[in-house]
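Right after this note come the structures.
In the two complexes that follow, chain A is the common piece, with chain B as its partner first and chain C second.
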Partner chain A sequence: MKLILFYLRKLLAVVRNEVLVLPSRVAVIIFFLFILLLPSFTDDVYILRVFTLTCIFAIFAASWDLLCGFTGQLNFGHALFFGVGAYSAALMNIHWQLAPWFSIPLGALVAVAAGLTVGIPALRLKGTYLALTTMAFPIIVIGLIFTFPGFTGGELGISGIQKLAPTRIEEYYVISILMLVLCTIMWKITDSNTGIIFHAIREDEIAVRASGVNTTRYKLLAFCLSGFFAGLAGGLYAHFMRIVGPSTLDVSLSFQVVIWSIFGGAATIYGPVAAVFFLYPTLELFHLIQDYRTIVFAIVVLLVLIFMPDGLFRWLREKVEEECPRCKVRNVAWRKTCRVCTASLE
Partner chain B sequence: MKCFKKSMFVSAIIFLFTVSLWATAFGQEIKIGVIGPMKFVQGIGHWNGATMAADELNAKGGVKVGDKMMKIKLIQADSNEFLSVTDATNAMERLITKEKVNFVVGGFRTEAVMAMQDIAMDKRVIFIGCGAAHPELCERVAKYYDQYKYFFRGTPYSSSDLVKAAFIHVGTVGAIVKQSLKIEGPIKVAFVAEKAQWADPMVPAVQATLPKMGMELVGVWRPSPVATDVSAELSAIQRAGAHIIFTIFSSSVGIPFARQGGELKIPAIQVGINVEAQKTEFWQATRGMGNYVITSNTYAEGVEQNELTTPFVEGYKKRYGEIPTYTADTYAAIIYGIVPAIEQTGSLNSDVLVAIMENRVYKVPSGTVRYTKDNLGRPLHDLTFGPGYLTGIATQWQDGKLVGVWPNGWKPAPGVDVTYKGMKPIKLPPWMIKAYKK
Partner chain C sequence: MSMVLDIVVMGLIKGSIYALLAISFSLIFGVARIVNIAHTAFYMVAAYCIYTATHYLGWHPVPAMLIAIVISILLGMITYKLVLNPIREHEGAVLIATMAIAMIFQEIMTLAFTGTYLSVPNLIDGFIEILGVKVFNQQLLTLGSAVVVMVLLVLFLFKTKLGLALRSTAQDREVANLMGINESKVAMITMGIAIGLAGFAGAIVVPLEILEPHMWTTPLVMMMAVVVLGGLGSLKGSFVAAYIMGFTEASVVFLSPQGAFLKVSVALLIMIIVLLIRPEGLFGVYFEEER
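So, the complex of A and B:
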């Protein structure tokens, strides 16, 4: 009992001293609670559907950020990983009767292979050239799908895929918890030594290579990791929608993920996730003004990109928090001294 | 004063309560969801047809359900299905779970309709498809009847029948060309299908069928669905000596192909499927060069499949200023499909209605609906194609007017002659006649 009380007190201390001191951390806690408690406020299957899809796209957007935001490998064909993951999971489920728990991770591994396939030739390319090359890959896969309609379902896609869980609430919990876990893992990766090297590659690859780091290996690793997470999102999508078609490889989906990430703030992980949670349900809500839905959406995105070029959520964070010039620890913006080193923040 | 305010407040509450009770008891509505790509011509057709149906029914006092009259309320849902299948499924789920619709009509892109079909079937809501032609949608009904029995095809008939009809049109035109121009030997046909997956199976079908029809295939051309210049293909077709150009176009390439064919005066007649040529704007879009183009169609001004056609076509034209396209058959799906079944059963229960709907044979403005069964006798909920049922029509642009040209003396079986009222003879392009009568 005493031990439990000791850990509880310790937890409270951590919450008070580490979490409640920064608005961004409080926001993350509120976000986690919102995700986990949403079904206790509503059991409306439509709302749960929208948020389930939001969770899937949040994983997808964060996986783009891992590759492009952090490592600087501009990918305009990210739907490739999503589509390959979705198709692989669907095919394994339909042809080999594999349960979602096997088909989704195996599908993600196929997406890793796709990541390598794109990553190896892309090693020689940078910037716009890389972006245009990556854009071609989903189109090639669509061509393959149409070439072998007997196996891939062609234009119709693959239907009759097994449901992830029997009820919408269960589906929501499976996907939302996975989203929280996977996004946390991605965030931890970017915060690790590997993440620092990813950052460095984006900033100055030659300098990193001069430091003795095998950048080729790290760039391929970024492609594989990104492919894995996007493939997981694709597999979840396939089992949630119960149909996979060529639309999972659409160019529009590849651009959608870029919009989400830039809107929220690239190279942050939390930015793309928050952007998807802001934009996707909002766009759904815009069906009330159906005729102006697209134009209003475009105006909102354009205004944010013009006035907050680093992304909405990074801008918001900069407004409520600031970094201590001496110890680099973040403090709430209205503090006069740093909470750690007590240096003046004014 | 205070007492007066209090009594006013209580009276207001009682009034509101009474009104809401009255609305619940007497103001019940049948909610029909209309789903489609509402920013595109297909979705606009869905909505226009359904609106016309709802207004007509409500003007008559509504629909008799048991011993009470219920008004029709339409709920529009933009599926955005050309751009996002996910949006389409969200729209369907919203219609069913938030708006609590009793029926859904619409849908266009097959991939999206299949995903929407799954949602409607899970919720046991009757969904009448008014746009997608793929047979798989109905094969699901036969294979998994208990799950998919709530789906019915409203329009068009299955894509395999669309192809069958196109071959009949080619055969009819071939006979006219042979007779009018006194062509010796087989009629030469150039096959031009847009480079799209749905048109791929047509190539082997054409290669196998045309020789059996006594025709010669002189070549296959596959321009891009969005090509803006097809003069190279047309020149090659001219060099190949084709008499007929068998077209399969659902996209914008139908306009430049018809326009340039007219500009270059290719001595061949275009027959087949050209969705652009079904639209009223086609004449302006081709600057009149699309004259003599023949396409499969559903409606044309002055053409009567039965006594229901003219009131519908004229009513639609008066209201929306154009001839209805096939997606406007949401009108028929509501007025002749759903409503009589409700009135017959006095119920809105999907299972009760399905049992009635799948066995009904009824007239619609484009013909007569009878739902088919597969080879094993399982209900497909697909439309019967053929004389006496739905045949579609073929229309030709003749000097700025879209006129019906088929079926006009069509003899599908010995002793059977199908001719719809208002049909006109097929005209061959004058430059074609000139080229072959030298």
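So, the complex of A and C:
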């Protein structure tokens, strides 16, 4: 009993001293609570559906950020991983009758293979070159899908895929909890040693190689990891929508994920996730003005970019928090002194 | 034999269009360092302008073409001034800004003309027979005017003072600035010229193609592939690569049963294979990375 009280008090202390002092951490806690408690506010099937799709795209956008924001391997064909994951999960489910619990991870492994296929030619290319080349891969796969309609369903795609879970609420919980877990994993990866090397490769690859790091291996690892997470998102999408068509490989989906990530702030993981949660449901709210919503979306993105080219959420964070010049701990912007070392923040 | 000639004609036309698009895209990239995803969207805008002028206003196609090119140049310069210039230093922001511009154009066209397939009448009718194959005069006209414009562009770039300014800015922006070249003005002019070329490509190709709001995506991908295959920033490379891609596409369409679906895939596959052997493209120069 005493032990439990001790841990409770410790938890309270951590919450009070480490979480409540920073607006960004409070925002993350509120976000987690919101995701987990959403079905208790509403059981409207439409809203749940919108937020389930939002979760799937959040995983997808974060995986783009892992590869492109952190490692700097600009990928304009990210829909390849999503589409390959979705198609392989669907095909395995239809032809081999695999349950979603097997078909989604296996689909993600196929997406990892796709990541390797893109990654090996990508090793020799850089920057804009790489971006323009990667655009080609999903389009090659679309061509193959149209050429063999008997196996892949051609333009209509594959339908009749098994449901992920019997009810909408269960599906929502499976996907949203997976989203929270996967995004936390991705954030942890970027925070680990591997993540630091990824970041260093983006900044200066030659210097990293000079420090004795095998950059080839790390670049391929970034492609594989990103492919894995995007493939998981694709598999979830296949089992949630129960239909997979060529639209999962579309150029516009590749562009969409780039827009989400840079809009939210690249190289942050939280930025793309927040951007998807901001843009996707807002876009759905605009279904009253169906005809104009894409154009409104594009104009909003343009305006945000012109005024905050580093991304909306990074800009917001810079506004409410600042780094202590002495001990590099983050503080609320309106504090006069640092909360750890009491250096003046003026 | 007739199939060979078909392939040659289609390959030449596709190649010329890709060459126009790719050269103008490399110009913007070289001078202003802008990866202009919206490039082929301007090509679409020009095509729709011609449709409006000929179909609703009843104009003759030739003035319609000229107006379309002028409108696309103006639009290009306005977007550069209002949107791209303020964020030019942020590479990622420029990328999605141009994507957003392309989406805006696509949506405006969908709203104005709905998503239905439209077509524009030929500039000149009739056909001539070469070795027993019907070649439409319109096809020859498209081919001829594309070649003439490319020759004019080369003359402009290599024989005039402004062309020299453009090339030197592309080579080294800072030194060009030090030599008294107004770099932002040059970038603006380049944007105008390049968008004008894209509009011109749209204008001459529109009688041969189907108009729809998504018509910009396939040429965009092919244009990027051409630029990468030829070597970024190399005009000669873009030119050669455009015809390689054009002929590949034409041969796949005529030789393979599922050609219409496979043409882009095969062309892109060739690009990737070449890149595996020569990462800097066919004629590219491998620049030392700026640090």
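We take it that the second predicted complex is superposed on the first by the 345 of 346 C-alpha atoms of A that agree within 3 Å, B and C clash if a C-alpha of one lies under 4 Å from a C-alpha of the other, contacts with A are read in each partner's own complex, and residues count from 1 in each chain.
Just so it is clear, a residue touches a chain if its C-beta (ideal position, glycine included) is under 8 Å from a C-beta of that chain, and two chains touch if they have at least 3 such contacts.
If you're wondering where the values come from, they're calculated on a predicted model, not measured in any experiment.
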Judging by the criteria at the top, classify the pair chain B and chain C on chain A as clash or fit. clash
Is A:T128 touching the first partner chain B, the second partner chain C, both, or neither of them? second
Taking the superposition on A as described, I'd like to know which of chain B and chain C A:M241 touches: first, second, both or neither. first
Examine A:G195 and indicate which partner it touches, taking first as chain B and second as chain C; both and neither are also allowed. neither
Have a look at where A:F146 lands relative to chain B and chain C in the superposition and call it first, second, both or neither. both
Thinking of the overlay built on chain A, is A:P309 touched by chain B (first), by chain C (second), by both, or by neither? second
Thinking of the overlay built on chain A, is A:L156 touched by chain B (first), by chain C (second), by both, or by neither? first
By residue count, is chain A touched more by chain B or by chain C? C
With the two complexes superposed on chain A, say which partner A:L53 touches: chain B (first), chain C (second), both, or neither. first
Running into chain B, out of the candidates 42-50, 186-194 or 204-212 in chain C, is stretch 204-212
Need the overlap of the two footprints on chain A, from chain B and from chain C, as residue ranges. 146, 252
Per the touch rule, the chain C residues reaching chain A in their complex are 29, 35, 37, 83, 86-87, 89-90, 92-93, 95-97, 99-101, 103-104, 106-108, 111, 217, 220-221, 224-225, 227-228, 232, 258, 261-266, 268-269, 271-272, 275-276, 279, 289, 291
Where on chain B is chain A touching in the complex? 38, 76-78, 83-86, 89-91, 93-94, 97-98, 110-112, 114-115, 118, 134, 136, 140, 197-198, 200
Taking the complex as given, what residues does chain A use to touch chain C? 121, 124-126, 128-129, 131-133, 135-137, 139-140, 142-144, 146-147, 204, 206, 251-252, 255, 258-259, 262-263, 266, 291-292, 294-295, 297-299, 301-302, 305-306, 309-310
Under the touch definition given earlier, write down the residues of chain A that touch chain B in their complex. 44-46, 49-50, 53, 146, 149, 154-157, 159, 241-243, 245-247, 250, 252, 284, 287, 290, 293
